[in-house]
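Here it is, the structure in full.
Order of writing sets the labels: A, B, C, D, E and F. Residues in every chain begin at 1.
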Amino acid sequence: MSQGVSRPGPILVINPNSSEIVTQGLSDALAGFRFPAGPAIECVTITEGPTGVVTQREVDESALRVGDLIAARPDCGAYVIACYSQPGLDLGRSLTKQPVLGIQDAGVLAALSLADSFGVIAVSPLSIPRHLRTLRRLGVEQRLAAEVALEGISVADSGHGEESFGQLLRAGERLLAAGAGAVVLGCAGMSGHRARLEQALGVPVIDPTQAAVATALGLLLTAG
Amino acid sequence: MSQGVSRPGPILVINPNSSEIVTQGLSDALAGFRFPAGPAIECVTITEGPTGVVTQREVDESALRVGDLIAARPDCGAYVIACYSQPGLDLGRSLTKQPVLGIQDAGVLAALSLADSFGVIAVSPLSIPRHLRTLRRLGVEQRLAAEVALEGISVADSGHGEESFGQLLRAGERLLAAGAGAVVLGCAGMSGHRARLEQALGVPVIDPTQAAVATALGLLLTAG
Amino acid sequence: MSQGVSRPGPILVINPNSSEIVTQGLSDALAGFRFPAGPAIECVTITEGPTGVVTQREVDESALRVGDLIAARPDCGAYVIACYSQPGLDLGRSLTKQPVLGIQDAGVLAALSLADSFGVIAVSPLSIPRHLRTLRRLGVEQRLAAEVALEGISVADSGHGEESFGQLLRAGERLLAAGAGAVVLGCAGMSGHRARLEQALGVPVIDPTQAAVATALGLLLTAG
Amino acid sequence: MSQGVSRPGPILVINPNSSEIVTQGLSDALAGFRFPAGPAIECVTITEGPTGVVTQREVDESALRVGDLIAARPDCGAYVIACYSQPGLDLGRSLTKQPVLGIQDAGVLAALSLADSFGVIAVSPLSIPRHLRTLRRLGVEQRLAAEVALEGISVADSGHGEESFGQLLRAGERLLAAGAGAVVLGCAGMSGHRARLEQALGVPVIDPTQAAVATALGLLLTAG
Amino acid sequence: MSQGVSRPGPILVINPNSSEIVTQGLSDALAGFRFPAGPAIECVTITEGPTGVVTQREVDESALRVGDLIAARPDCGAYVIACYSQPGLDLGRSLTKQPVLGIQDAGVLAALSLADSFGVIAVSPLSIPRHLRTLRRLGVEQRLAAEVALEGISVADSGHGEESFGQLLRAGERLLAAGAGAVVLGCAGMSGHRARLEQALGVPVIDPTQAAVATALGLLLTAG
Amino acid sequence: MSQGVSRPGPILVINPNSSEIVTQGLSDALAGFRFPAGPAIECVTITEGPTGVVTQREVDESALRVGDLIAARPDCGAYVIACYSQPGLDLGRSLTKQPVLGIQDAGVLAALSLADSFGVIAVSPLSIPRHLRTLRRLGVEQRLAAEVALEGISVADSGHGEESFGQLLRAGERLLAAGAGAVVLGCAGMSGHRARLEQALGVPVIDPTQAAVATALGLLLTAG
């Protein structure tokens, strides 16, 4: 949280799955957030992670790896856990005084800054109960219009191709029908479709990693 | 919500009170958010506004002026209503498809991205009931640890000088004792004391205008 | 709020739209509340208002006019803002110590005094998000079974004629199916259909202006 | 709920305790609500009831007596259970289609029509947990600022004399300090002190029986 | 709450309806909870009770009988009110310091110890509003996925035979579709179908009397 | 959850810290729950665990060990995670269809089956924010009267000796003053003091491991 006249430390965007494609997609989606006087935005892959963080064991194992990585990088100004299940959020916060942000929290809170209620598109039905527990913990579950899942799409494929876009579009339309005033992409891998989906749906579509990095930037750019 | 390869339209930061000192303070506090490829960040004073938006009449009259200003500036990419009472938030949203952000909402949501509960420092006891109504509307009043007010400090003075800093510090300490894990400055004029107060309290201190501009930046920098 | 042996000051029922037909409908609906020893019940039209308060700009402009009217009538014992969007509620309360009642609040609270959950019939789909924000602010949104809107009916027509009654009836049946134990008419103009709709639905149907005036009467008739 | 051109049936105000003094106090407090064209307001004592409804057994035994009385008086237009513990509310509602109102519900809802939060003065500390359960059932417990109890005052004495007024005043001051914007008298016997207490505290003081009768009047005076 | 080296007093399981078949069904369902060193588990019928506790009058009359029975059996270590409407819960608690448990509360809380959300099968649609009021009072209504009712099945028949099992199964499937992670049997008479229904649905099915007796056992078996 | 005529599989009570003293204390506290026809109750120490699960890293590392242990013991009928931070609760549930119970959830839910509100005694101030997050996730945080912490007492010492009892007593008295109707021991190590503390405070004191084992027993003893 401290700042000075010098350039702030980097924002470390942590992809807990081993997919370099996902990490590259994150980095591409964050291109607009990089500028000379601002903090570096480093996107890193936890190479020993699973190909996607889907099961609870994958979440819990990822938590320790994320914690280790945060502890190993005390030079950073802020940390973003770029997985919608937010593995290691509490652990990271116990290890550093710098901001540690989870993308579900950041994405949902960004949606609430724009709209009265929000919907979420999950990459898998298996993830939804976990997401709902996190929403209850965050205290805003009453503002959720609905959460719906894609089917048979991998994390890596969720941000590319017509098949996944078509599923995202149908999911988004169901969310609008349920009353959502904004849509949160419920996976770090979907950012490639964000702008096109927003255009198609006509309401804000939030990429949660972008939302988290924006929040982190806001904290780091505030020289007193 | 619109993006493209060209530079996004400016973020219009609207100070509904007539104090140029406050507007200048806002602009100074947002210096770190300006960079060549990013959107311009224009801070404007509503010169026919009151010296501070304190009474309900001042809030309601400001709402129309803020709406008029938003309607008169369709070139902007996003709008930030830089007053904690958020005059004209619903009106602005009814007039444009671009994001319109209120600083209470943005500040509180930024705090929740970092901490389990938050406290707020109001510039006047008169504002607290209004703030609480807005929190209920936002749906997160259960996460408020406490809100406490300064006494006898004007909006323009709330971000400068030892007297106001001392009051901010005592208020912040009361919020920590009430369990707050982050502190939100409940007035657009307090930004000058943010970094020093954060240093003194040891928990994140959120300037709500910075939080709102960061959210707006996040929406505008997300080229598809 | 204190009274003595003399007759209390009038209840000023404020119609913020310019429709004299609506005001006359209000006055007719309140006929039963007038009696010699009781307060006068004056229904006034804000002639410079819009024909119906539908857009947010119309709400916000009406707020100031309502406030001006309340300030200009210090002789009144209580004020009822006879528009479901309650323009000027906070402003009015800041200007007088006498009770200022909004009809959404009063109608919803009357429904909760009779039933476990309630439904609302809005005159337009555009009004529903605004109504929901007000319910959250009031803190009782969990008790709402559903809110449904008429289509293509003006405020002035909503209380007269078979077309509007038919729409009200179908809306009411949808609310019952959603579990509503009472129905609140979500517009000051619908009172002409109240008794017939209640007969048809078999559950209490609350005209919110009548509810607000009853609450005001209760406050004014309580000589110590 | 039915009305016609003829005078509506009486409002039956049921005092479940055997104290004629309390019933007379109720009737006096309702004097202002009686007028020629309006419904009769009958205040009746359940003479076999306890001297005050304080213990849970007294509440549960009273429920059946209240139900019997409601069943025995099908001529009435509405029923008010004039005891803050609302014995027989569910039973009464199961026995008639006419409105049955409990004074805790009506008093609290009237307070919410005027203020953001409310406080309650109980006649005994023993009653508070029961009141809180009812508030949770009503769904508005978040709006309660605080509830405090008198000590050593009987139901019959709670509305008369300097000793009870002094205790009411101190209780009210504690409620204001806790943030209450209105005060609800938490016992049917306190109405004799209402106006004086309101004058002393400077915020609305709600007599719950008056609030319930006003709600009932509003339902009965609404000829279609 | 009392303990000692001696065998604790019996758990009194009170069936407020007069059906010995239901009481025998309860006793059978509790067979597994009886063992030499543990408390006796006595299942008693209130023979003057109704054949089933369905109407509100039956609930309220049962409350007094349950209270009388609890008062008449001070030798017991704990009391379980084996009716989903929990007649006499507050009364019982006011009469003894020993634990008094209601089976709706116990069944719902057991479900929440296993699953994120729960569904309830009621024996009659008439009971559902009453159950929802009790859930609000318990404070966990947000965790209810849905409640659905059998049709035309008596309390005594609800735990036996193919007709009632078929209805239970269809009800349970509707609850799963609504998102329930566990199912609570909303009547003391359904225990005969519990294990088979759990097998068929694949999620925990809670018999609320078993849940309440297990809670009581837990309290009585805890010698310091 | 399935059962048959044969004796059900054991209840595995997992102590995630390495203290055999704590495990022995658990086993002693569960003596009353063991009987010939009932399930075995095995208390096991995770010997590679920390001496106490206090830091977030200790929680997260314990989660994986608890999951491994559950996976390695498919013979068990139910699993109890005997640490108030419930490490591995979600993981365990993802690995088996048998019930997996956490002691915070079970203890809190047992308290709610007895009382309107509850208090918690934590072994360390560091644990309180974590406990509150879990309460929000469980959805019952509104029922918490207060949580207070011991100071300078280890997990192993929290259930033995006069120093820790004195601290527990003072903590319990603060909880009663805050309105708690029952007290939950917020650590698996405190069971040795339960009965004495209950005697001293005069309200139910819940040992959460006993509560969880009772819930598990209830599930296993219900042969169809």
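Throughout what follows, a residue touches a chain if its C-beta (ideal position, glycine included) is under 8 Å from a C-beta of that chain, and two chains touch if they have at least 3 such contacts.
Each chain and its UniProt protein: A, B, C, D, E, F = Asp/Glu racemase.
What you are looking at is a predicted structure, and each value in this text was computed from that prediction instead of being measured.
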Original post:
Both subunit B and subunit F are touched by which chains?
Top reply: A, D
**OP:** Find the chain most remote from subunit F, comparing centres computed as mean CA coordinates.
**Re:** C
Original post:
How big is the gap, in whole Å, between where the Cα atoms of subunit A centre and where those of subunit D centre?
Top reply: 52
Original post:
Rounded to the nearest whole Å, what is the centre-to-centre distance of subunit D and subunit F, using the mean of the C-alpha atoms as each centre?
Top reply: 44
Original post:
Just how far, in Å, is the C-alpha centre of subunit F from the one of subunit A?
Top reply: 34
Original post:
At which residue positions does subunit A touch at least two other chains?
Top reply: 133, 139, 142
Original post:
Among all the chains shown, which pairs meet the touch rule set out at the top?
Top reply: A-B, A-C, A-E, A-F, B-C, B-D, B-F, C-D, C-E, D-E, D-F, E-F
**OP:** State the interface residues of subunit A toward subunit C in the complex, per the touch definition above.
**Re:** 116, 142, 181
Original post:
Residues of subunit D touching subunit E in their complex?
Top reply: 55-57, 59-61, 63-64, 67, 88, 90-91, 93-95, 130, 133, 136-137, 139
Original post:
Residues of subunit E touching subunit F in their complex?
Top reply: 1, 3, 29, 31-33, 35-38, 99, 101, 105-106, 109-110, 112-114, 138-140, 142-143, 194-196, 198-199, 204, 207, 210-215, 217-219, 221-224
Original post:
In their shared complex, at which residues does subunit E touch subunit C?
Top reply: 129, 132-133, 141-142
